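In what follows, chain A forms one complex with chain B and a second complex with chain C.
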Partner chain A sequence: MSDQTTNPIAFVAEDTIPPSPPPARETGVVKWLRENLFSGVTNTVLTVLSLVLIYILLKNTLPWIFNGVWNANSLAECREILAGKTGACFAVLTERWPQLIYGFKYPADAYWRPNLALVLMLVALAPVLFFDLPRKMLLFTAVYPFVAFWLIWGGTILVPVVALVGFIAAGAVFQKLGNNSFAAGFFGAIVTALVIWNVGGALIPEGLSENAWLTAVPSRDLGGFMLNMMLGVTCVSLSVPLGIALALGRQSNMPLIKWVCVIFIEFIRGVPLITLLFVASVMLAYFFPPDSTVDLFLRVVIMITMFSAAYIAEVIRGGLAALPRGQYEAADSLGLDYPQAMRLIILPQALKISIPGIVNVAVGLFKDTTLVSVISMFDLVGMIRGPILASTEWNGVYWELLGFAALLFFVVCYGISQYSQWLERRLATDHH
Partner chain B sequence: MKKSVILGAATIAGLSAGAAMAGTVDDVKARGKLNCGVTTGLVGFAAPDANGEWQGFDVSLCRAVAAAVLGDANAVEFVPTTGKTRFTALASGEIDMLARNTTWTFSRDVDLKFEFTGVNYYDGQGFMVPKALGVSSAKELDGATVCIQTGTTTELNLADFFRSNNISYEPVPIETNAEAQQQYLAGACDVYTTDASGLAATRATFEAPDEHVLLPEIISKEPLGPLVRHGDHEWGDVVRWTLNALVSAEELGVTSANIDELSAGTDNPEINRLLGTEGTLGEMLGLDADWAAKAIKAGGNYGEVFAKNIGEETPIGLARGLNAQWTEGGLLYSPPFR
Partner chain C sequence: MSTMTDPPKADFRLSMLINDTRYRSLTFQVIAAIVIALSIWYLGNNLIQNLRAAGLNISYSFLGDSSGYDINQRLVEYDSQSSHGRAAVVGILNTLLVAFLACITATIFGVIAGVLRLSNNWLVSKLMAVYVEIFRNIPVLIWIIIIFTVMTAVLPGPRAFRGDNATSSMLFDAFAFTNRGVYVPRPVFANGLFGATILNWLLVIVVLIGSWFASREIEKRATLKQEATGERPKTFLVKLAVWLMPFAVLMLIMGLTWDIPALKGFNFSGGIKVGGPLIALWFALSIYTGAFIAENVRAGIQAISKGQTEAAAALGLRPGRIMNLVVLPQALRVIIPPLISQYLNITKNSSLAIAVGYADITATLGGITLNQTGRAIECVLLLMLFYLTASLLISMAMNIYNASVKLKER
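Let's look at the complex of A and B:
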């Protein structure tokens, strides 16, 4: 006891030792590097190899990009300015910018028209793509195709107006007759629309387009990336409803409808798109008298739409097949008729499953629009391969032009893909 | 948008279906525009410039025909065609004439039912090699790798040439001229072969054109000329004699600079007949008396058109060679205007 008092404890820690920082190799950047890049011999070697590869790539491309010449009138001038240094000749992009975007024949003083159409397109698409927006905006979406047609092609406003009236009348007829019999409504609507278009078309005075407020631009004068966008947007928006109809038709119990759909889908899927395009541009010309062929743009749109509709139909059929049988039976047991069952129960689920597939087809379709360059339409790639590379000034510029085209397409396709992922998250109803 | 396009197209179709199938000359006059098929783009021969105006050697012929028939060199609707669509476009009546560096061959003339109305450029297949290879004749190319466009007559000509000279080669098949340029520059092949005019145009775009030479051998005949449909001889005559007028004008010394002066009348009866101050040649064609004068004014005579678009002063730098007048050792020989 006394020992304890004479030998008091020399030191008592009165507070805890402050925590020391973790070893450098277990924290922050170093830890991340160790775990992800240098966690073993193999990975270390791979990391070093990749770094070397990236270095070589950048060493060659960065000077090329940063030395780029943006102001010159020809490739020869570019080379003079560079004087032997490595460098891109981006001047071709600045000099031929309008041609790349609008094609070489679209009137320069009318560039605002496709621009405005593009802006309006974003407005029109918004309520379709983002359903939190007020539903009344859909009214504008319905009118948009006619506005865009008028803006881009110009001419008299009576043409799109007559077309719109035809649609409205057809819709009204369908409402009235469709309640009793779907077939009566359907065919009645078609007849109404045709009558209105023909009568209306005949009433539009000839030559009215020549002095219209917006100069008329024939389809042949459309070109550049604008043409790709127009083909892509029109064909996707037409082929999705058509694809749904084909998919449902293929599952129909009515043999005629079923077989028409099966034959259509299998035939179109069995033929390369480029063949269809050749048929559109070359073969159809034989069936019309000279000077009175159907517009080339329209022929191409029909072919591409048919092509992608067949693919989308199969994607949606996959979605329909993935639904449990119970869903169909549940709809039946509720006493819903076929349109109601499809609209309220089956399609919302089937379409949700099909989103990745549909987007896949849409992205592919958008890129396939460049195929029209082989039938001498001057889309972005057609402009590059034809007029621009064939000009004495710019013959020999490849990387800059094709790289630019790749960039434009990447931006749009990546945007579509990001939207579809957002849409899937937004529609997710299962709980994790 | 789609349906309204249908409507518009149907309307246009209805309006224009009334146009009857008269002779092409009358059709063109009634339309007020010449539909001329050109390539989608070939350096020097046809390509739109930065303002969207078509320029080039073949384009000039279209303009000359338009000037002769309609009196306006700009009254041309240029219809771009690819190698695959050109003949159907002509056969279906979409275009009135095709001026698209098309080789005049027996089967195209006879079997495809077209009428070649002359030759505006005598081409032939040649070879291009890097100077560093040290080759001065195609016969020294034994064992060379050759870039060659697949599915063309050049491929067959090449095989014939090497076989008849008993030397071997290794083909590197390529699809387009653009691809060929890259392959050749990257050293994937020792030799690039295609039409000599194409080789010259390609070489002109190189960073160092002097490091490449065109070998002297020309191993095939490629007469390029305008063509029209079989059966409409009046129209064929118009195109043929417009081309002849440009050639004759050069031979007779009529240029775009002195034509106004010469149109007033000269001592040379052939010039007078050509320019319409004497005789009734224009009337025989169903055109104005000064049709040829208008055609020449459109872009100058053959020599001027050549010099402006593909001649030695241009980056393409083609020599006249076979395309010189017959008086200067070339093949250009226009029948007399009489």
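Let's look at the complex of A and C:
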């Protein structure tokens, strides 16, 4: 202690030395490049190879895209405008736009109807996809299918109205009877709906559709990307409830119900969608009553719905199996009966786990709607391969058309998968 | 004194069928059975009436009739005089061929892309992510059509190979890529040991299997020696010899020569012709499914906890051996089940052959035969039967595999 007072210190640093900047190769872009692209011989080779690949790709595609001709009436005219340069002939997209989107038979003065249906669909989907929105909006979602049917097919408004009334009455009966016994409510609702549809259908006068405000459009006139969207949206929304029912049936301890579900699911999953579409186009008609005509669109919707329901059922079964046994036992010990336990405890959790899987099935299904072109329905791919590429004006414009179709599907499918990832993060309530 | 008695046994009342859980499931099953029986009766009745109205019946005798159409791409003898049944067999073999080829290449693409996506190299991993996203999000039918268009509209015709100023030339003077298909050299045995070609090929396969067993035996001996003495003998050269020597000797004895395709007249002749539709389907299925397999591989590798890699590194293993000895054996357990269901998907997606005119089972039995004979129900049923059998066989293989690699727990 005394040393300090006796020996005065010659120098004391009063402030710290400012930190010197890190060496140039350890900061910023250089460091990042060194660590991520050129960290070793192999890595450098890989980087150079990738750069060469990207360069070749861009060198071949960019001039083609930027020299593209957007206004011409035929491929020959395109070539004249390009005068020997490489360039795309995007004019086919502008000239055949309505055909690509709506098909070649949909009446041109009615294009606003599918457009409006698409906008309304986004409104109707919003409360389902983003559940921060007011729950009241679900009312519109419930009415939407009937509005969309009326807009796209046109004809008399009485048909969708009767269908809607049937559903509302069924819902009311279920509310009334379902409080006592789920089964009574369920069967009562089905009977009510069937009665109203049959009576209402008989009451609608014949020939009302001819001079309706919205001209009636037969199903075979639908086409283009609109057909893909309609098949995708309809079949996914129909197959989710069917899939839930099948998954519950497969878990059931009633042997008959269980085996029916198992056979159905395994059969559908074992055959390719094309064979099911063949069933829809050539075989299903034999199973309907002799004088009835069920149009191809409905037959295809039935088969695709069954197809995706089987896959969704397997996804949901995975979700059900992932729930701990305690959840089922807790529901039992609370005295809940089977429908209550499922509705209030099991399904909300199981469906949450299954969302990524269901979205995967939905994306796959949407891509598979292109297969209807094989049974000569004119969806986007069918339009491209059929009327457009076969026409004298546009014979040989492959890349622009196929690229457009690919881009359209990519945007939709990638969008859906990004939404699913967002939803997964949003629903993650467990803490890691 | 009071005695405990059982509550009086309730008499059976009709309402118990709905309200009592002991009887309710029985009620439901009876209702379900009635509904199912009624719908089967209804559909069957409609079917019978419709068939009678159309003057048809269910019969499979058409399979024996002469088909009257030709198939370009075939593995067995077939001409337009052959029966519809034979056409279906040609179709089945073609389906199996394209599914087999696509499974192999899809696995190669998928494993490469999946491993590279985990690469430290930022550019490479991003490129692979782009590959996976692009190919997964565009329908496989569009890919098939795109590649088929490349095959038919972009590749040169045979006439481009002709003359002194030919615009195209053959690769290595042996492979010709034309818009009518790709021509590759065909191996021919000048003096085969057997009369039938197929027997000669069987002999080659038997020799190769023998080599495989021998090289496994060498590995086993090396391991035994390593355990006894601590030193592992070098086996690479011996194994190479075991693989190459018998094969080379066999080839010399049988006099292997190559039948190289050559331009004769307006088209190539000789060699093996691989048709454009087959290549389009094969390649499209490979790159499309490869993108899915890449995701499975990535998920499998990422599922192995980092502690395993770190523990292996702490033991002093080099990165390559960590991958081979520690990560991959565990990752395979996660990767293989989804991989097999991707193989199933390839088999089912190969039915898209009908879009490009490759004569698989869907295009022969479900396409031309169906349209010519009008036997819709029979053809579609047979078609479904084939795919169901294939699916069940593949899932059986998967179950056997799963059982064999299951973690043995007590």
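Simple rule for what comes next: the second predicted complex is superposed on the first by the 397 of 432 C-alpha atoms of A that agree within 3 Å, B and C clash if a C-alpha of one lies under 4 Å from a C-alpha of the other, contacts with A are read in each partner's own complex, and residues count from 1 in each chain.
The rule is short, and it goes like this: a residue touches a chain if its C-beta (ideal position, glycine included) is under 8 Å from a C-beta of that chain, and two chains touch if they have at least 3 such contacts.
Remember, it's a predicted structure, so these values are computed and weren't measured experimentally.
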Quick one: on chain A, after the overlay, do chain B and chain C clash, or do they fit? Just give me the call.
-> clash
Now for A:G201: first (chain B), second (chain C), both, or neither, which partner does it touch?
-> first
Does the superposition put A:G396 against chain B (first), chain C (second), both, or neither?
-> both
Contacts of A:R385 with chain B and chain C, given as first, second, both or neither = both
Touch check for A:S239: first (chain B), second (chain C), both, or neither?
-> neither
Figure out whether A:V363 sits in contact with chain B (first) or chain C (second), or with both, or with neither.
-> second
Please indicate which partner A:S376 is in contact with in the superposed arrangement: first for chain B, second for chain C, both, or neither.
-> first
For A:S417, decide between first (touching chain B), second (touching chain C), both and neither.
-> second
Where does A:T192 make contact in the superposed view: on chain B (first), on chain C (second), on both, or on neither?
-> neither
In the superposed arrangement, does A:A406 touch chain B (first), chain C (second), both or neither?
-> second
Which residues form the common part of the chain A surface touched by chain B and by chain C?
-> 278, 282-283, 285-286, 288-290, 373-374, 385, 396, 398
Chain C - residues contacting chain A, complex | 18-19, 24-25, 28-29, 32-33, 36, 43, 46-47, 49-51, 53, 119-124, 127, 133-134, 136-142, 145-146, 149, 153, 348-349, 351-352, 354-355, 362, 366, 370, 376-377, 380, 383-384, 387-388, 391-392
Report the residues of chain A in contact with chain C in the complex, numbered from low to high.
-> 36-37, 39, 43, 46-47, 50-51, 53-54, 181, 183-184, 253-257, 260, 267, 269-275, 278-279, 282-283, 285-290, 363, 367-368, 370-371, 373-374, 381, 385, 396, 398, 402, 405-406, 409-410, 413-414, 417
In the complex, chain B touches chain A at residues 1-17, 19, 21, 31, 39-44, 46-50, 52, 79-82, 84-85, 88-89, 92-94, 176, 178, 181-182, 201-202, 204-207, 314-316
In their complex, what parts of chain A are in touch with chain B?
-> 75-76, 79, 95-96, 99, 104-105, 145-146, 148-149, 153, 155, 159-160, 162-164, 166-167, 193, 197-198, 200-202, 204, 206, 220, 234, 238, 278, 281-283, 285-286, 288-295, 297-298, 301, 373-376, 378, 382, 385-393, 395-396, 398
